[in-house]
Amino acid sequence: MKITSDTTGRVLSTGAALVTILLTLAIIVFIATKGLSTFIINGVPVKDFLFSTNWFPDRPLEEGGPQVGVLAFMLGSIIVSLLAVLVSAPLSVACAVFIREIAPFWGQRVLQPAIEILAGIPSVVYGYIGLSLLVPFIREHLGGLGFSVLAGFLVLSVMILPTIVSMSVDSLRALPQEWKEAAYALGSTRWQTIRIVLLPAARSGIITGVVLGLARAFGEALAVQMVIGNTRKIPGSILDPVITLTSAITMDMGNTPMGSLWSNSLWSMGLLLLFISCLFILVVRFVVQRSEMSQ
Amino acid sequence: MSDSKISVKKLHLFYKDFQALNGIDIEVRPQHITALIGPSGCGKSTFLRSLNRMNDLIEGVRIEGTILLEGSDIYSSAVDMVALRKRVGMVFQRPNPFLMSVYDNVAYGPRIHGEKNKRKLDEIVETSLRGAALWDEVRDRLHKSALGLSGGQQQRVCIARLLAVQPDVLLMDEPSSALDPKSTMKIEELIRDLKQRYTIIIVTHNMQQAARISDTTAFFLNGTLVECNETELIFTKPGDQRTEDYITGRFG
Amino acid sequence: MKARSADKLATAIIWAGALIVIAVLASIIGYILFNGGKSISWDFLTKPAQVIHSGGGIGPQIFNSFYLLALSMLITIPVGLLGGIYLAEYARPSKLTGGLRLCIETLNSLPSIVIGLFGLLVFVNMTGWGYTLMSGALALTVINLPLIVRYTEEALQSVPASLREASLALGASHWQTIVKVVLPGAFPGLVSGFIITSGRVFGEAAALLFTAGMSSPALDFSQWNIFNSSSPLNPFRPAETLAVHIWKVNTEGLIPDLRRVADGSAAVLILIVLGFNLLARWLGHRIYRHMTAT
């Protein structure tokens, strides 16, 4: 009796582990199969897909035939998410330092709960706030339509802030208290201690947070799609509208017949997103591994 | 009296409601080694940390009484904490080199205090490492992580790091308790060496160590200073029954 | 001195950073609650939505969100719980364990739009169901699963080893120990983990656009036959959730009272999500106190 229940338990939980693994593999295989059909079935060269900005997915043959170059979407995604990280990373590190080193009292009682609330806000709500508060503000005070790169990366920067803050706080917390004491005992100011001793030692955790934040920004669909205007042109300034991979998929997937070149190329964009998010995981693993080796 | 390096008068220290030090009076002579002994939890570390105001980092610490360093009160509001800690340096129980190279660890102090000249820094690093009797062991791996060294070497990196800011007073909190006997001997040798130039206060719970290296020994018990005298006297003719009980190991 | 002014400046900048974040949060929450508060009424919370006319409510959307959440939790919790047990109790450093961790990491960082695409392909098209609650629930399961596994593992690991040893020393088998000692000990952590996960998927929209769909057929709340197509409980009907509704009204802009509906929906969504978070803390705490007091 004992033996059977023990075996059942082991089999069940191993089964659940296998289901999880199979599910992940299924996602990769299905998205890959579908995403590769642009190249295999429609015969679009990978090079044209990735490095061309010509996006005429339904141009009739007599006008030159369809073309599906997604460079503009790619660049849009990269620009918006990189700028978001550029805004968010310094602010997040400042918040983490505030919570751990500058004012633990206010940090733990006010700032940390505030950041937890930010983490809980759904992305459509960020999009809605961007649309109804930020976009009109930009339109009235900075010019343009308001739907812009600027609105996109500002919304994203707030969205990814909790990710970076929490990773940074964790890695600052993990540092030995003795380092701080040693630094003070050598006559360092607080800022010198933070800048020279603590932040460099917490580097790998902070970088991991930043990469995870970047990944999240890159993969976010609705919040971005709602505020960036979605014009298929490479933006000339941060007040211009822009389009990203995710927002193209969001807008067009429902309106294109399955199996058409247009639809297939949307799947290819999905595959591209999947590929990039796996890349981000590899980067994180690499960073973590390197920091473990150096210790 | 006037030849004291540090003079402590009626020092009381509280962690919130808990009184950890109760009316400590002690005079510390310059260029001497003073050992603080006593059972664990009696307030040795607390006392040591109040000499360079490390306790200020802990929330809820309250201090009464005065501590004079060469005649001036280190707790007066005019005191610059950074300058104080530069003069009164500290070595901790567990070796705590920063996550940096040996060189950067030792150069840390001079750098934060404004030294930028590479040549000067090289010189300071070498002198300090020689001062900590470590130069020969690490001269070939100056730019590798200090955390790759043995425990004893790490502790000497910490001492070198401290010497590099040219302090007057060295506070050492059980600097060899985390080390093996061989490294301990090395550190003790080094401490006796350093006496020529520095005033040293060392906490130890190893009485042989106190007897071996110190000139003066102070015995703490439950937050009070029971007695403080020439080391020889303390270990041969203690003036208090409790001291005798402690050093003869008859302590409850 | 230079170092000292640098210290002051840095402190000021960091304070400013913290205040900016607080101000951003305050304006987001303030804006939503202020504007949303004006739109929320009993009618708004219960009436069905309108497609092109004004005066619509969000009753079915709220129902759909909760129902979808319940469906997906029903699937995720058993699998996720067992997966977490595997990691916390059985996993040895092996290929399988390493693979599982990598998969969980991968699932956790997949963009939800990609999960939506997978759902469209498998749960909508291959099954032939079309846009249904069930397809949506399965897509949400993909999002839930890594979270539940992780929370379970954490909760189980926080149970003191001494309890485990005590049980094993009494002759209990490993599985008995897990079921009788470890799981009950981890209960507060599990409950709050599940609720936090619920809060997170409650606001999910991107994965649902192409799985549960963006339309809500007329629901007949007196029809409890689960197989009837107008029954709210029928899992094989399309269902627009609250989060999806917010996206749809904002981007389509077909209804004249767009602002009212958008403001109100966002406020309701935020309140529910915050409610989940508060509940998780409160309940975790309560259960913990209850358990340690008896």
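Chains: A, B and C, in written order; residue numbering restarts at 1 for each.
By definition in this document, a residue touches a chain if its C-beta (ideal position, glycine included) is under 8 Å from a C-beta of that chain, and two chains touch if they have at least 3 such contacts.
Since the model is a prediction, treat every value here as computed from it, not as a measurement.
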What topology does the chain contact graph adopt: line, ring, star, complete, or other? complete
The larger set of C-beta contacts, choosing between A-B and B-C, lies at A-B
Take the average of all CA coordinates in subunit A, do the same for subunit C, and state the distance between these two points in whole angstrom. 19
Rounded to a whole Å, what is the gap between the Cα centroids of subunit B and subunit C? 54
I'd like to verify one number: the distance from the centre of subunit A to the centre of subunit B, where each centre is the average of its C-alpha atoms, in whole angstrom. 49
Specify, in ascending order, the residues of subunit C that touch 2 or more different other chains. 3-4
Subunit A: positions in contact with at least two other chains: 189, 192
Note the residues in subunit B that touch 2 or more other chains, in rising order. 82, 112-113
Which part of subunit C faces subunit A closely enough to touch in the complex? 3-4, 6-7, 10-11, 13-15, 17-18, 20-22, 24-25, 27-29, 31-32, 78-83, 85-87, 89-91, 96, 99-100, 102-107, 109-115, 117-118, 120-122, 125, 142, 145-146, 149, 173-176, 178-179, 199-200, 202-206, 209-210, 214, 243-244, 246-247, 250-251, 259, 262-263, 266, 269-270, 273-274, 276-277
Inside the complex, what are the residues of subunit B that reach subunit C? 82, 112-114
Please output the residues of subunit A touching subunit B within their complex, sorted ascending. 176, 178-189, 192, 196-197, 200-201, 294-295
Residue numbers of subunit B touching subunit A in their complex, please. 52, 54, 57, 82-86, 89-90, 92, 94, 96, 98-100, 108-109, 111-113, 145, 147, 158, 161-162, 165
Provide the residue numbers of subunit C that touch subunit B in the complex, in ascending order. 2-4
